[in-house]
Amino acid sequence: MSLYWVPLLTFIGSLVPLIAGRLGRSGCAALTALFPAIALALIASHIATVFDGQTVRFAAEWVPKIGLDISFRLDGLALLFALLILGIGLLVILYARYYLSEKDAMGRFYSFLMLFMTAMLGIVLSNNLLQMWFFWELTSLSSFLLISYWHHRSDARKGARMALTITGAGGLALLAGIVLIGQLVGSYDLDIVLASGDLIRGSEHYLTILVLVLLGAFTKSAQFPFHFWLPHAMAAPTPVSAYLHSATMVKAGIFLMARLYPVLAGTEAWFLIVSITGLLTLLIGAYMALFKHDLKGLLAYSTVSHLGLITLLLGMGTQLAAVAAVFHIINHATFKASLFMAAGIIDHESGSRDMRQLNGLWKYMPQTATLAIIASAAMAGVPLLNGFLSKEMFFAETLEQSTLGSISWMVPVFATIGAAFSVAYSLRFIHDVFFNGEPRDLPKVPHEPPRYMRVPVEILVGLCLIVGILPQLTIGELLASASTAVLGGNLPYYKLYIWHGFNLPLMMSIAAMAGGAVLYINRHRLFRFQANFPERNESQMFDDGIKKIRDGIRVFMGWFDNGATQRSVFWLLFLAVAVSIPPLMSLNSTAGFRPQIPVDSVMIAGATLLCVASIATVIWHHQRLLSLLLLSIVGLIVSISFALFSAPDLALTQLSVEVVTIVLLLLALYFLPQRIRNYSSPNRIVRDASLSVLIGGMVGTLTYALMTRPFESISWFYEANAKTLGGGTNIVNVILVDFRGFDTFGEITVLAIAALGIFKLIARMRLYQPHTDPDGIPWAPDKHPIMFQIISQALLPLALMVSFYIFLRGHNLPGGGFIAGLITSIAIIQQYIARGYDFLRDRINVNYLSLIGSGLLIAFVTGVGSFLWQQPFLKSWHDYIDFPLIGEVELASAMAFDLGVYLTVVGASMLILANLGGLTTTDRLREEEE
Amino acid sequence: MLETTILIVSALIGLSLLLNLWRFMKGPHMLDRIIALDTMYINAIALIVLLGIFMGSPLYYEGALFIAMLGFVSTSAVCKFILRGDIIE
Amino acid sequence: MTHLPILPILLPSLVGILLILPPFANHLRMQRWFTLGALGVLVIIAIELLMTTDQSPLIYILGGWHPPFGIMLLADRLSALLVLLTAVLAFCAALYGAAYEETTGRFFYPLFLFQIMGINGAFLTGDAFNLFVFFEILLIASYALLIHGGGKEKTKASFHYITLNLIGSAFFLIALGTLYGTLGTLNMADMSNRVTTLMPSGQIIAKAGGMLLLVVFGLKSAMLPLQFWLPKTYAAASAPVAALFAIMTKVGLYSIYRVFGGIFGETAGSLAFMAHGWIWPLAIATLVFGMLGALAAPSLRLLTSNMVIISVGTLLLTFVVNQGNALGAGLYYLIHSTLVTGALFLLADQIRVQRGNAQDRFVVSRPMAQGKPLGILYMIAAIAVVGLPPLSGFIGKLLVLQGAVEPQEQTWLWGTVLVSSLLALIAFSRAGTALFWHLSGSKPGSETAHPLQWTAIVLLLSASPLLTIFAGPVTEFTDRAADDVVNSHEFVLQIIDQQEALHSDGH
Amino acid sequence: MDIKHSLWPSPFNFALLLVVWILLTNSFSVGNLLLAVVLAWFIPFLVSRIQSDTSRVKKPGKAVRYVMVLLYDIIVSNIVVARQILGSAHKLQPGFIEIPLDLREPLPITLLASTISLTPGTVSTEVSKDRQCLFVHALNVPDEAALIAQIKSRYEAPLKEIFGC
Amino acid sequence: MELIFALCVGVLTSCGIYLCLRGTTFSVVLGLTLLSYSVNLFLFASGRLALNAAPILKHSEQITDPLPQALVLTAIVIGFAMTAFAVILAMRARADLGNDHVDGTPPSLEQTLRQKDKRS
Amino acid sequence: MDIAQLATVVFLLIGGVFLLIGSFGLFKLPDFYMRLHAPTKASTLGIGSILVASIIFYSFKGDGLSIKEFLITLFIFLTAPITAHMLSKAALHVRCEPRADTLNIDKLEKIRNRES
């Protein structure tokens, strides 16, 4: 079976527990374990090949455009990690079977755990950097789910979020680093990247790449100053801590450094950044661990410290240091996982993790205690245990390095101090929990755990012992193979012996042991010293910090956008000015050479009227009716200008639209507040006025610049073909119903939609109805003056006739369906005004909605009709037919289309106005409040 | 001759329009403004008819007709508004 | 002759018209099934269109009036892609809406269909003024849809939205007038041709007018500083409407692509890339504001709205970086972000309904009746929208990041895109924990989602894994589609030339 | 209103619309005349439900004469008013006058009021609720009674005859 | 004449824009109406001004560019639909929210006072 | 110069002058009720003359009789009185004060309430 089966199997394994709940807890666990077991076997089948120095590969194309392939490789390093992940994973599955209570959703737990396992395997097996990143982020995600497994707990939620945020941020930095590498190397393929070490180290982007990649690694592996998420991740169930936060996920960062070691290491920058970070982390973690009363807290900081140690080793840049790092990865995984599991057992069986409560458990759970003591000893670096071996190698390497020049001696000194603290907290773990008198106020009486819950611990502790005693025999080959991979093929000479003789590293070990003992004995003094510093809850601080940032953002955003329409409008206008005025400024001369029209007195009078009226509208806009009248003047002058400058159709349309608008606004005025308040400050008025003048100036300049320059347009076509091909002499109308009939189809759709929308708005509108006019005069009692009624009714047939006339001639002379429709509507509205809604409701049995619909439908059908002749939408047809008596009559499909326009216009405007008028006849009105 | 006359008459109408505008601005009552506007409509009709004669084109006729019809509708609607507030009731 | 290019406009139009006529007008159930049927057919048409245009662009000459004189539809890969996206989104949104008892207002379905007609029209038209008309159709329909359901919030948001858009439309017309007054044509391909032959002063005027289009389209696409309407509006809209609105910003973007990539693109001589200098900083700023807004958002709908803004910023960036060569990447991201934010709007609505008084605000609330499935869907959507593996967002993000090649572009684009991802991650993890896990002791409410609603959400979300799995072929397609911004105009110009040759032969 | 009535609108309306159509189209072709007839019949039919019952012209001949008189009066009195406007406003004696009505039907009253308004110097301002009298504002009223008498004899009496009431 | 025309368009635009920036719905509606007048005039002017050149065949010897006129017609109709919607929405806002401020919430007296304090 | 053109010129001038007088009246007259006379009188004659001029002009232009301006006249003559009526009604309603020396000023309230 190919390599891709490894993550695939575990992925399937993540789905299985969701449906295996019925099999019972043991069944579920067993079935889940089956998949990593097979995967482990699969990996095992490749061991010989890998030990042989070969790399197993699998590759398939996925997204070639971005260089993302499905690509796996199994070399020594990957093998080591895969074994750890699958092996410890299996133990954790077994352990969790007993750890989780009946209430906990086991299926969900296993599913997330397996998902995490998949992601972790994906990282270590990836042969493509992007694919590796893919799995990298998946580990963040699945760890989020695992930490927040008990999501009813606030600390779980906060811890999970913080972990996700920190590792997520690192992941994004890593991504940037990876993409830079990819762009530099031209491939994301790990084989190629690993072969391009010199290219990368020599690149000007090397430092950027290094920092970005290390950000990813450091956040994931909880290096200072990103270490603080890890202790808060302890809110997770203990199997998760054992698995993710000791053995695997936190090692992903280490793995990354090891993986890219051939490419990135070996420079001064690498040494400085990595080793100093590692050293700081080592010291801070070790120091902090001592003060944690929570068992898991102690272990968490201890983990931080050991991760620092490994980082430091990788940072040193020597080959032997790298080997030591790999060795310590293995050792730490075994003893720390077993310690977490032991802590979990203690918690599980005693109900507490607080070392101030937990005392003298030796009596209650001697077997567990033995295991935990051995594991702690391994952590402390006691000889005959695996921790001792890697620590010795570490000490030896600290003595070797000299890059820091005259202060190089500090490294072994700090290493020894760190080790001393390590001994101290290990002692504390052993003594405070298993000895030191009797337990205090424990929720339950402690006892040994179920038999099989201890098995994983026993296996791991056994490994600590065996490796510690027979290192070369047990893991010699694995270590060599993994180290070869890290070092890019060059394995240094080293020997895995228990006894190297009396040398400096051994002295350091002894010093650390002694120092640790002294530290532990004098711990109370240290505790008192540490008590001077307030206990910080990083998770809470982090949360508060984000809230504070959020509040700051709200204030900042409020400056740009206070939610006010005026503010938004301001920005819109501002941008319009900003983008359009600079080009206009570069215009040499506003006026072009096109001959201009001479001015006469009427034009001046009209322009005066227009400008005075529009400025007066602005000045008097608080006087509602007055501004409406001013608007009428503007509309009138605009219509006359259209007429004057050869646009009769426009003049007619503008006039009729004008009237409907006035009627509409009058209706609105009745229901809007009678007095308009002034909401504007003087500053605002100045600002708005300047902006308005700028925009007006821009538009005016544009108008002038355009009008005074000649241009060539496509319009000759319409002039040439309106009559011959379009069948009409009114070119504008032919454009509307034929050349650009599609626009008109859209336009009547707009009108119809507006009517529908307005209908919706009017429905259930509860309006205020004023009793008096703004001056306090009650309304006149005479609703429908008789003379007004009589004349209005007499005008109706005349207006309808005019409307029909306008409709009919539209194709050849100014007019057409739209104007005719408006005239009809106005004529009917006039009846509404003169005679009242009730009078007409009983007499007009037209469903305006259906009128709109049929208008649109007619236009639509006219357009689609051409499909029958294999012609495109709206292909027109016209012909002259000779009727007896009447003579030659032109028939055109455009007329049917225009009829559709007509009906839509009538329907839409009547639907709006009649419904609006009808509002007051129903009983939905409210009293005016002012 | 005709052209000169048209120029003179259009100046007369322009003057009329400005007088109307004066009354509109002066008021004093809203109704004065409405009369001023209504008179503007009438002057506008005359102006458009005059334009038609000047251009020798009958295309302007409907414009004049429209102003006549629509001026009435809007003026009466505004009066109704002053009288009753609700113009369609 | 094929009518394929116009069917995405005519079909919703016809059904919309029929639905306001008897016997459908007062028959809600019939309206519902007709609409769903029509949208289903629309999806099929769009797929057919996509496959056809992948061979060669299609032009549809309305009324038989040849370009540049008549109006012409231009269906190429780009427009077909967006039409398909619209159809899918609309279908799911309507499916979701179909489960509601429509007691809150009339004409929902016809308006919905008209809205789609407008959107499709905007995507398909090859004529600048016709684009304006379709913009207005989709806007007026959106105004009417926005108030659907009633309520003070909707009324408030509407006036804001409408005022802005009406001023925007005014600028649109001014811009069109200026361009027509200098170029003398309205066919966009023809415009792209004539822009090269302008006199210097004509160029200046055309530039001033053309730049106004950036304001217009920027407003529609929610580019900073014109994005303030969006969170308010989307949060106030009812769920299916908000989901459909997810495509509306893309209409603005699409128009930016067509105008500033097509007309004023690389072929425009001295006006080439004239808007890029503005778009670049504004896009960055849009992203920054989107991510700040996301972090500050107090409710899921506002958060999602800000994700829309982030995606707008990102898409604008892909349009301008690397001289337009990153657009293909942007289009992939566009597909992903549209569908996922659409799904999020639907999801947010269901969460809002099930959480009672707390609505979708990030405060303690009673548990949801269907908290578990909603939580899973939320997580999927969040992973997708934040851009984490294994869903499509991460591929989109990779594409976008790789789109930047110049060091300066890289610094800004990577910085903002990555930080925005991080902030989105923070925001969505906080939102998720608050919505699903921070519960009061009270009993869950009785509201549950209708199977149709589940279907709608799942359908939309399933796009994300599909986009991931088939990322290879999809990215290849979007690359081809991006090239169409320039290529299709050349295609049209060839046809115009052929026409002219034909005419000169005939006379 | 019965069907028969609405199918046969008043001949006055018919004639009016016929003339209006011809005025609009300015064409006397057979086709156009045919169309005019159809429209002049159809439009009143279309709006018949909206038209409330109105008085009908009984004596068309008198009506034509009335219009002629009116036109003449308009021209003459316009000149008078023009002089008044151009002269000093202080010399004018404006006033409200009350004209008792013999007419009762809405249409004739409306026509009378319109006539008064059209003839310069007078504007009908109100009709009393009981339609007993018409209130008129006059620009210059040297003699109130004379004005009332003139209006009643010159306008109201012919209108009464025309509508036969 | 072109200069006067451009001036009028500019004045109309300025006035419309200024009113659009006011705080009451009715003022905004007024502004939008003025703005649409100015935009229509502008669009119309993009075909250049001409006297006695109506684009009606057989009636004018020389005709002006008919295309902008057709565009303006469409724009007028659409503008009308939009204005109508905005007007009714203003009414609706008044009915729903009880006031005529564009945001539905007039700035409270307190806020106004605070602003005054700041200024003084 | 033919008679038709002369007639056109004369009617145009008459119309122009009367329109100006009407507007001047509106400008000059002292109270609302008096100003109301201006547009309904002088202007109707003015517009009438201009329309007559137009009829003459087109009828003698060579395209046959053109009398459609009558329709505009008809409209104006039908509607102007109603406009005046509505305006004065409104003036009474809002209690526009007439000039103090107006005859029967004491009847104003009676007219306002439409009591005979």
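When the chains are written out, they are named A, B, C, D, E and F in that same order, and each has its own residue count from 1.
FYI, a residue touches a chain if its C-beta (ideal position, glycine included) is under 8 Å from a C-beta of that chain, and two chains touch if they have at least 3 such contacts.
All values reported here derive from a predicted model rather than from experimental measurement.
*Asks:* Trace the shortest chain of touching neighbours from chain A to chain D and give its length in steps.
*Replies:* The fewest touching-chain steps linking chain A to chain D number 1.
*Asks:* Kindly list the shared contact partners of chain A and chain C, in label order.
*Replies:* A chain counts here if it touches both chain A and chain C, which gives E.
*Asks:* Quick check on this structure: which chain has its C-alpha centroid closest to the centroid of all protein C-alpha atoms?
*Replies:* C
*Asks:* Tell me, please, which chain's centre (mean of its C-alpha atoms) is farthest from the centre of chain D?
*Replies:* The chain farthest from chain D, judged by C-alpha centres, is A.
*Asks:* Rounded to the nearest whole Å, what is the centre-to-centre distance of chain B and chain C, using the mean of the C-alpha atoms as each centre?
*Replies:* Computed from C-alpha means, the inter-chain centre distance equals 48 Å.
*Asks:* List the centre-to-centre spacing of chain A and chain F in whole Å, with centres computed as mean CA coordinates.
*Replies:* 70
*Asks:* Express in whole angstrom the distance between the two chain centres, defined as the mean CA positions of chain E and chain F.
*Replies:* Result: the chain centres lie 33 Å from each other.
*Asks:* For chain B and chain E, let me know how many angstrom lie between their CA-based centres, rounded off.
*Replies:* 22
*Asks:* Specify, in ascending order, the residues of chain A that touch 2 or more different other chains.
*Replies:* In chain A, 563, 565, 569, 573, 604, 628, 644, 648, 669, 699, 702, 706-707, 711, 713-715, 718, 739-740, 743, 746-747, 750, 753-754, 757, 761, 773, 780, 782, 787-788, 791, 795, 798, 802, 813-814, 916 touch at least two other chains.
*Asks:* Any chance you could list the residues of chain B touching two or more other chains?
*Replies:* 13, 15, 17, 30, 34, 56, 58-59, 65, 69, 72, 76, 80, 82-83 - these are the residues of chain B that touch more than one other chain.
*Asks:* Would you pick out the residues of chain E that each touch at least 2 other chains?
*Replies:* Expected reply: 16-17, 20, 25, 28, 40, 42, 45-48, 51-52, 54, 56, 59-60, 67, 71, 74, 78, 81-83, 85, 89-90, 92, 102-103.
*Asks:* Check the chains against each other and report every pair that touches.
*Replies:* Applying the touch rule to all chain pairs gives A-B, A-C, A-D, A-E, A-F, B-E, B-F, C-E, D-F.
*Asks:* Which of the residues in chain E end up touching chain B in this complex?
*Replies:* These residues of chain E touch chain B: 51-52, 54, 56, 59-60.
*Asks:* So in the complex, which bits of chain F are touching chain B?
*Replies:* Residues 1, 5, 8-9, 12-13, 15-17, 19-20, 22-24, 26-27, 32, 35-36, 38-39, 43-44, 46-47, 50-51, 53-54, 57-58, 61, 66, 68-69, 71-72, 75-76, 79, 82-83, 86-87, 89-91, 93-94, 96.
*Asks:* Sort out for me which residues of chain E touch chain C in the complex.
*Replies:* Residue positions touching the partner: 16-17, 20, 25, 28, 32, 35-36, 39-40, 42-43, 45-48, 67-68, 71, 74-75, 78-79, 81-83, 85-86, 89-90, 92-93, 96-97, 102-105.
*Asks:* Enumerate the contact residues on chain B facing chain A in the complex.
*Replies:* Within the complex, chain B touches chain A at residues 7, 10-11, 13-15, 17-18, 21, 24-25, 30, 33-34, 37, 40-41, 44, 47-48, 51, 59-60, 62-63, 65-67, 69-70, 72-74, 76-78, 80-89.
*Asks:* Can you tell me which positions in chain C touch chain E when the two form their complex?
*Replies:* Per the touch definition, chain C meets chain E at residues 129, 133, 136, 140, 143-144, 147, 151-152, 155-156, 158-160, 162-163, 166-167, 169-170, 173-174, 176-178, 180-181, 186.
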